[in-house]
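Per-chain numbering from 1; labels A, B and C assigned in written order.
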Amino acid sequence: MEIHRPPNNYFDDALIRNLADAFETLDKDQACRAILLAAEGKSFCAGANFQSRPELGLALVADFRVAAPEARFAGNFVKIGIHPGFGLTHTLPRLIGPQRATLMLLTGRRIDGETAVAWGLADQLSPLDRLRADAYALAAEVAESAPLAIISTRATLRDKLADTVEAQTRHELREQSRLMKTEDHREGVKAVAERRPGRFVGK
Amino acid sequence: MEIHRPPNNYFDDALIRNLADAFETLDKDQACRAILLAAEGKSFCAGANFQSRPELGLALVADFRVAAPEARFAGNFVKIGIHPGFGLTHTLPRLIGPQRATLMLLTGRRIDGETAVAWGLADQLSPLDRLRADAYALAAEVAESAPLAIISTRATLRDKLADTVEAQTRHELREQSRLMKTEDHREGVKAVAERRPGRFVGK
Amino acid sequence: MEIHRPPNNYFDDALIRNLADAFETLDKDQACRAILLAAEGKSFCAGANFQSRPELGLALVADFRVAAPEARFAGNFVKIGIHPGFGLTHTLPRLIGPQRATLMLLTGRRIDGETAVAWGLADQLSPLDRLRADAYALAAEVAESAPLAIISTRATLRDKLADTVEAQTRHELREQSRLMKTEDHREGVKAVAERRPGRFVGK
């Protein structure tokens, strides 16, 4: 599956809903043993106007991630004055541990592809010109094994992940709703768009 | 303690039971402060006919692991169409995190000694000709400290590990029993023995 | 904030209480967005007579740690015959995983600054002559973002951390009280002071 909104692949609710529907359809197809999600353009998600849309959150929903050294991962929620969403406060610590998740989410720092692989945020580093082929090879590696064993093992390893993420998302939404009403959120959105530090007042 | 079934050190129920009995006997001996478990032959566990016997599971029962760069770690359960066992779906994520455990268990990939140490699957990398000596030195390092403090600290850090592993093993056995009846399991065992990808049908 | 007890910055109850009071006061100050805790002298905490005082435990209370390559991290509790304290049996596995925490706490090994950063025990490696400046820059990076979003995100990521650490500290104190009465504890304190291995009897 490929997202066609180059170059920045901005995400919105409709796109997320389309993706979810497509995943559910493929899930019912016995012949489908792995899904490769990619995005047209320079990178999976990027953009000068990047404003904490759920790109990182979406990337963490996949079982595996293949990244180029040029890839950048960031969740800059605190810079725009809100709380992280899309389950990130559960999925990110699950992947890279609570400490590195805290570093990323309290600073809003961008992590490059090599650091992402070293931390476990991505599973494999591939040069940009081999990224698709390598991601396909990883999907094929999973698809090659016995499908019932894959489904059963994956279910065990994910355990209550979907329920936990759902509960965490509810908590995130409550905090986001509260913070979206603050002066600092308005200032943060403006500051990020103008590529300058925000002038925050704690209100 | 040394396992004498070179060169491949195939494991069976009798061997596991003998090991468990020997551990329990040593555990009652006040003079025993550490146990070093090794295997005669090229490596702790290996073999052209490797068919998801509990080698990796057994290695993860120990407190620490010393590995040579030549060591290979794998759990190829999905290739033979069954679910992992021996508590691996708890002990492996506990050591290397849920993400890398998922990569290993959904692909069946072999991990070399260096990667194992980088991921925390092994605690120390030693050249093959110093492996025993280095493992002995690590055991001696633990044995040198105050035994009651070691017992108490180890119990705290393991917490409910034994109970959790037991419960997880029951879940694993249920899934294994179910999958062992499938066509794909029979095909998987054959395919691995013939060193070719399985032709799986999802039944 | 700076601890002025060079060169070894020995810690005692009064110092810990003063630190806690100072943190609480700063916490009430809306203008304070980050606290940098440092120690005068060669290193944050060190000392030839290092006897499992809560230095490592205190360092792990902070949100982030900046370390020089020359830094050394150790919890040598088992060498003096007691159980770790100050919440370390929860905070250390939380940062570096249960396996590396077990290696540190069952061997009492010293970990250098580079290993600490590789394991996630410290977040950043800085040369000794830039340590303060880099720690200040990290604090400033956090302080620059919207304060309400920082507070909210940090609370989510720490979740029940304070409660869990409090409960764990109670367990640690029980084990410490019990072990402090042993012959091996007295021998361990002497042995560490005399820089020799202890002669332990398991009593």
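Everything that follows uses one rule, which is that a contact is a pair of C-beta atoms (placed from the backbone, for glycine too) under 8 Å apart; a residue touches a chain by one contact, two chains touch by 3 or more.
What you see is a predicted model, and the numbers here were worked out from it, not measured in a lab.
A.B. asks: Which number of steps is the smallest that gets you from chain A over to chain C via touching chains?
C.D. replies: Minimal hop count between chain A and chain C: 1.
A.B. asks: Please report how far chain B has to rotate so that its Cα atoms sit on those of chain C, a copy of the same sequence, as a value between 0 and 180° in steps of 5.
C.D. replies: Between chain B and chain C the superposing rotation measures out at 120 degrees.
A.B. asks: Quick one: chain A and chain B, Cα centre-to-centre, how many Å?
C.D. replies: Taking the mean C-alpha position of each chain, the two centres sit 33 Å apart.
A.B. asks: Which positions in chain B touch two or more other chains at once?
C.D. replies: Residues 97 of chain B touch two or more partner chains.
A.B. asks: Would you mind writing out the residues of chain C in touch with chain A in their complex?
C.D. replies: 30, 63-64, 94-95, 97, 120, 123, 138, 141-142, 144-150, 152-154, 156-157
A.B. asks: Help me check something: in the complex, which residues belonging to chain C touch chain B?
C.D. replies: Listed in rising order, the residues are 77-84, 89, 93, 97-103, 105-109, 171-172, 175, 178-179, 182, 184-185, 187-188, 197-198, 200, 202-203.
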